[in-house]
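Here is the structure we will look at, set down as structure tokens.
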């Protein structure tokens, strides 16, 4: 880990190209605005990547040099290559941080990390959202008082079909009467994962100063530990067992054979 | 849920056909012996299915009528159809119990439910394993004293790359000096999941009376709750919001539109 | 475990004696109304106990014959005897269900089971509360649609200073703009624990049919497993070790000595 | 938080005064050796405190200036003042790290943080222990290969009556045939908690270089987040609610009143 965190913001970049409302708000793409919000304070080296780049911009080399990956997708989840998804998972298990934004609850990497359907209920009415802090001393909510508000947003409501989070940082109250677990953490392998709800494409949510603060906090929180967990499934030969062993009975596997998968 | 639990034992049935040692121990296939061990006591309706059956024997109808699915695979994980895997996941999220046996730590459905690499270390030396009970009152360890032993088995050792289990029921001690979290529970959606380590193919482990007792206990523990969680991602129209709402700002989604995935 | 669940409802019974508003709503005490709500459907044997009974009505014998204990306290948490609290904890660890109601977030047994400060924010304005179901197939929310409402209630808001729940069954939306994790589960020892928020003393909340439904569902969910986890800290003499051992080095403890505590 | 971590090692200091075997190994007390092992590398300011000091050496001021507290107790758990225990809990909830060593599984602060009986099984035979790393990239196991060994130690065995840990860092294998969850993490409030098993008083375990490495790693891991979670149970007056509210129905609490406890 370098002292400057290396951040990659992945954006699907579909709505921005196809929908003039979205393009007007995010003329350079949502990924660019998210990246700008992270880079504006602190020691971050931020790059972006999109669906349309070769290998979606997530080559082995890029991921190897990424400490924290943020992911925004919505209309084209199904177009993301499974090979790239496997690559992302491998890096998360090694320790790379992963931050799933808004509609990325249905993205392939998030669903694969969760192992659940990740469904929500939703309503698009430009209503008010108030995000309550559930742990006022958590690094991800640092600098926020008891809550913060987003004036106009899409609603996501419970049930949110996720495994029990390790910690809930934010729960949302919606003007229309719903609630949602809007900021949740998990660990998979040695990778820290954060889901953050705000971010609908037709509102300028990634310009909101508190949303940007949360993104920066979350990137710092999700930074990798100094060591990597390199996945392996080693056969330990009988003569290398910590305790002396006499081999008994039949065997199928040869010494030095790789694990089945 | 009927009063008799409907159990499906899925077996890969590859070693039994290809390896004479395994065939001698399990002449009708490991799945048959596992099924027999469950059916021998208690109110279970047990059927079997294998890789070689049409749709691997796991049709929509079979899964719809399965309360608890047990899974044994090893040499052919990669040959299991992704479509069938998705079907299994859907049923688990609805509430079907899922019990992964031994080398099924690397099976597609288990890996998909965990979201981790599920790796282990291993050694095939026919050594002794002692499984310690970590909660003496847990339904899965019911009827077992402080521990039970398997005289000859393959070793699996830590690190076991799984998400933190909800509960650890068994931890194994191995003659060669290793340890392993051998009985672990999780919940995904409304489905209860149990991983149980014993079961290597070249030893007659599924004839072991305590292993069979654990399987029966685990099936009862993993039985579905009375209601199913049917996955949905409903749009809640603004005029159906629990609190009166005035629609503000632009919208992208039409009323009644399905969620992206 | 008998086939009829044996339920004890513990009520502090202070407000009902001192405050005419509360007495008018709950002339026989809140505990009596809670007990009535549980007994009105299903196979429950329900008794009540209060602060003013000898040993608060929670003798060894009563607890020994209780499958699930419900607890309502508010004004007199500090008057509950530590000896009785220890007795309750011991039974929970053995497997007795424990359901903490409303202001019992600050009761001694709940705080001792949680190990946290259990603080909330609060407001008494008779506002509306809407409880959202987070897992529509959970046994505790069985029979409830997407949410239910309580017309007038005290508000409890986040942060709720609890350890991460095993599962969140309900999250509340409040008219005044707050949210709260209103239905949460944990396991301590082999005992199942449920916290349920509704129940302020100046509103007739324990007459609410859905609140009563949740109480009955929760009692069934919290029912003990067939076996008890009897706490022990046994010394295993060296000659009773599963593997043969030669004693090495100095020893402080005598054979057969009890563990320090 | 200063850049140098402020560490307090609390030792009961009873065996060292009463038992010549222990005094010979730890002539200045176990707390002194533990403190020395932490201070020998890295930026730590380490002080010690014992049962016999005024307020057990854990005054408000000392705890206020402690980032991580380590605790070793055994023979005199019952002599620790409840007032000091409450003080420790309060600081843990604010964010102070807490590391419970060996027989401190039965110490008052650890038991209060866990909410369980914390029992183990045990045997004093000077047998060998091998601690396996369950997450090779975890900061607490940093610098350790697959396992490390302690040649002579007391045995602790499962069941260990704890709430499910957030993460298991070490599981022990014992020569006599037992296993134990020897390195476990939890969070209570904003405080990080680590239990570490090694440390019996009649063996020179706190001179073991890997045990010392784990202690230093654990202190760094348990360091407080920059912000403190100051516990409060504030009444939010109706006219300060985020959404406009009309007060309805009767009220018991006066504006500005403190929460009951």
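Which chain is which? They are A, B, C and D, in the order written, and residues in each are numbered from 1.
Everything below uses one rule, namely that contacts are C-beta pairs under 8 Å (C-beta built on N, C-alpha and C of every residue); 3 or more make two chains touch, one makes a residue touch a chain.
Nothing here was measured: the structure is a model prediction, and the numbers come from that model.
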| item | value |
| --- | --- |
| Chains contacting each of chain A and chain D, listed by label | B, C |
| Superposing rotation of chain B relative to chain C, computed on C-alpha atoms, to nearest 5° | 180 |
| Geometric centre distance via CA averages, chain C-chain B, whole Å | 32 |
| Mean-CA-position distance for chain D and chain C (Å) | 27 |
| Cα-centroid distance, chain B relative to chain D, in whole angstrom | 36 |
| Two or more partner chains touched - positions in chain B | 121, 130, 135-136, 157, 164, 166-167, 173, 177-178, 187, 229, 242 |
| Residue ranges of chain D in contact with chain A within the complex | 94-95, 130, 135-139, 142, 147, 149, 166-167, 173, 187, 190, 225-230, 242 |
| Residue numbers on chain C that touch chain A, as the complex places them | 121, 130, 132-136, 146, 157-160, 164-168, 171-174, 177-179, 181 |
| Residue ranges of chain D in contact with chain C within the complex | 15, 19, 21-22, 74-75, 77-78, 89-90, 93, 103, 106, 112-117, 119-127, 152, 155, 157, 161, 163-164, 175-178, 186-189, 201-203, 229, 231-238, 241-243, 245-253, 259-261 |
